[in-house]
Amino acid sequence: MAGLPLEQGLFGRLRRDAGEAWTRYVRHPFVLALGAGSLSRPAFQHFLRQDYLFLIHFARAYALAGFKSDTLADLRAAASAVSAIVDVEMPLHVSYCRDWGLSEEQMAAEAEAMETMAYTRFVLERGLAGDRLDLDVALAPCVVGYGEAVERLLADPATVRQGNPYAAWMDAYASDEYRAVAVAAIDNLDRQFARRGGEARYPALLATFVAATRLEEAFWEMGWRVR
Amino acid sequence: MAGLPLEQGLFGRLRRDAGEAWTRYVRHPFVLALGAGSLSRPAFQHFLRQDYLFLIHFARAYALAGFKSDTLADLRAAASAVSAIVDVEMPLHVSYCRDWGLSEEQMAAEAEAMETMAYTRFVLERGLAGDRLDLDVALAPCVVGYGEAVERLLADPATVRQGNPYAAWMDAYASDEYRAVAVAAIDNLDRQFARRGGEARYPALLATFVAATRLEEAFWEMGWRVR
Amino acid sequence: MAGLPLEQGLFGRLRRDAGEAWTRYVRHPFVLALGAGSLSRPAFQHFLRQDYLFLIHFARAYALAGFKSDTLADLRAAASAVSAIVDVEMPLHVSYCRDWGLSEEQMAAEAEAMETMAYTRFVLERGLAGDRLDLDVALAPCVVGYGEAVERLLADPATVRQGNPYAAWMDAYASDEYRAVAVAAIDNLDRQFARRGGEARYPALLATFVAATRLEEAFWEMGWRVR
Amino acid sequence: MAGLPLEQGLFGRLRRDAGEAWTRYVRHPFVLALGAGSLSRPAFQHFLRQDYLFLIHFARAYALAGFKSDTLADLRAAASAVSAIVDVEMPLHVSYCRDWGLSEEQMAAEAEAMETMAYTRFVLERGLAGDRLDLDVALAPCVVGYGEAVERLLADPATVRQGNPYAAWMDAYASDEYRAVAVAAIDNLDRQFARRGGEARYPALLATFVAATRLEEAFWEMGWRVR
């Protein structure tokens, strides 16, 4: 399987210019411990519970992208992203969490952590204050970053597969299905930038990308602190 | 097949209180001529072209409803409404229009009539200025009204089935599939009103419903003027 | 007094490329009849009533621009535009309408015409689906167009000042205060385009500008039909 | 001077039902240390810098309230709130910060803390996903809470006035001007609830109020951690 096209177009440029902030996110100690199988069960469970709440707002963000679409093709892509999250990813997440002793009722009743609120509301507000391109740039660190984090784990000799309780989680983000989602997000950024971009917008887009990257880092840090 | 539950709950009350405005919409001369098979071909084609543009904004309105959802169930329902429009209804519409000599490229390039703009932007703006209930009330006259208009046509002795060039159009809105959509919209209004309503909101909701009904009437009037 | 800088920057380009649509708007028969003093009293009164409703949504559009501002300077400018409309322009409008026999209560209770809805909701929705630049482009035909329309009337030998019942209305849009507002709108477009623009966005911005221009033309046509 | 009407109407009910969360916010150690004059200079400076960024988004939230207004009176009130923040409160804040060695340029360039992002984006997103009432409830803990916090400090024997470097800060929030703003916010909630409320909405409104209160507590905690 080929790696993700992480150097491609607008995404590649944003990722490069985010520099250390990007590396701190995709190589966060939480992720490394997950790869090594040494992450504590409570830390992972806390992360799973917040990720459930996160996914709801993430689906809402793609719904918002649907509203903000300029073309029928964009609207269709956004609609299928929402469906993929609420009809496929969330049921998988719920079924996976059940194996970790978490029921959907518990997760739905969980208090939302400040880290979850900060990132999700930042993305949604960016999308409402700005345009579709601003929204898509704010969404990109999540969609692509999870793919890259797991890709790097799988290439890392410190990663343990045998007996690692988090192997199934890694497999999900290394799957062809997830890879296709991440590639589509990278391609979409180029399409949106070609249509609504311009060099003058780049500094503000980079600021959005870096802020979202930091909020993602904080999301993993939240799980890490539980250990 | 049972009739639509047009007297039910909030929808029933709004429809009753809209009075003449509602009747002028669902019994518009354009609709009656369609039932009688006497509508001119150019009038119907004009309507179909604008309806294509209308559907895009209508799908965007459901995407917006997804963003504005308070519960995962509401978000799922909105997401499946968007998919139903862009993945099922629009391809059907496009294929149907081809039989009337209209290609998708033509329809996409058509100038948007003021009537199309007025109704679609009214709905979207209501949804953004207000909440999910305001949005759903603005959407209801379209979703349920088309069902009622055709239900009344089919019960009307003046309606012609044999050799009526518009029979397939009537069948689409009389189908079990469409009926289920209209019933879901009526049920949803009761659910939203139970959660976000209150008697104090009723006058403003009625004003929204009546405005949307008038804009739907104007949409058919637009087709009617072409004859 | 110097004329408005109608050829300047982004506005100048949009206005040129709008071509006939722009001329049909700023030289609409309603405007010419107003300049000649031959416009009927009911036509003008209808226009004034709808303009009252229009101004409320226009102020809301500037409030929205405040929310969508990227800089404190932009936010301040938007806030002062809202205040200028609700605290200065609307009281003036109300006092002026009183001379024409229209009370504020009457105007507030007036049914909103489809033309008023179409333009105002188009602007607001553009601002929510797009970014600040999309919103400002949608607002420009109104702000600058009224200035140009009156500037051209005052330079037109067919315009009558002596005994023209609409002289005070023309004076308002020819005033230094209004001119400053129109110049600020032209300057702002250049500032927003420098920050959020790019050649790739131009076709969509032009489509927005032309649509708004046509909806403005329809607004005057609405008054004209009353005669 | 009479105390704030903290028991009044919807605000009183939300405040009572928020219980401990409300007390933890208005009696936060940061506030008590400020009253005692024992707060460290770096802690206060950090707070002032973030408060500058906070105020910009707060003004944007009132601009959003202007867009979401159903009546001209509501729109006027929102517009004057935006002007009060950007034209009066921010210049005062800037001038006050200068005495603490902070220039406006420094504050504008400051990295936004996660606590600042979390609260401000939560408020803005509530306002866009919900209606004007949802937005106003999310804003209330800030507007009224600062007034109550200082009112309680001034009634607290542990508070030091003589030689307290934070005396001017307390005076600002104890002023008649600020009191009028807080009273108007309390009155406004009753007005909005009368128009758009209903008992069924109360649980969701309380959830918004409590979330906003916790995010305000976190904002002060952020300053407190600097010490």
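We call the chains A, B, C and D, going by the order they appear; numbering starts again at 1 in every chain.
Criterion: contacts are C-beta pairs under 8 Å (C-beta built on N, C-alpha and C of every residue); 3 or more make two chains touch, one makes a residue touch a chain.
Fair warning: this is a prediction, and the values are worked out from it, not measured in the lab.
Participant: Would you pick out the chains that touch chain C and also touch chain D?
Facilitator: Of all the chains present, those in contact with both chain C and chain D are A, B.
Participant: Can you tell me which chain lies farthest from chain A, using the average of the Cα atoms as each chain's centre?
Facilitator: With centres defined by C-alpha atoms, farthest from chain A sits C.
Participant: Where the centres are mean C-alpha positions, what is the separation of chain B from chain C, in Å?
Facilitator: 32
Participant: Any idea how many Å lie between the Cα centroids of chain B and chain D?
Facilitator: 44
Participant: Would you mind listing the residues of chain C that make contact with two or more other chains?
Facilitator: Answer for chain C, listing residues that touch two or more other chains: 60, 67, 124, 128-129.
Participant: Spell out the part of chain C that touches chain A in their complex, as residue ranges.
Facilitator: Interface residues on chain C, with respect to chain A: 67-68, 70, 128-131, 134, 194-201, 204.
Participant: Taking the complex as given, what residues does chain B use to touch chain A?
Facilitator: Of all residues in chain B, those touching chain A are 56, 59-61, 63-67, 69, 72, 75-76, 78-80, 82-83, 86-87, 90, 108, 124.
Participant: With touch defined as at the start, can you tell me which chain C residues reach chain B in the complex?
Facilitator: Per the touch definition, chain C meets chain B at residues 60, 112, 114-115, 117-118, 121-122, 124-125, 128-129, 211, 214-215, 218.
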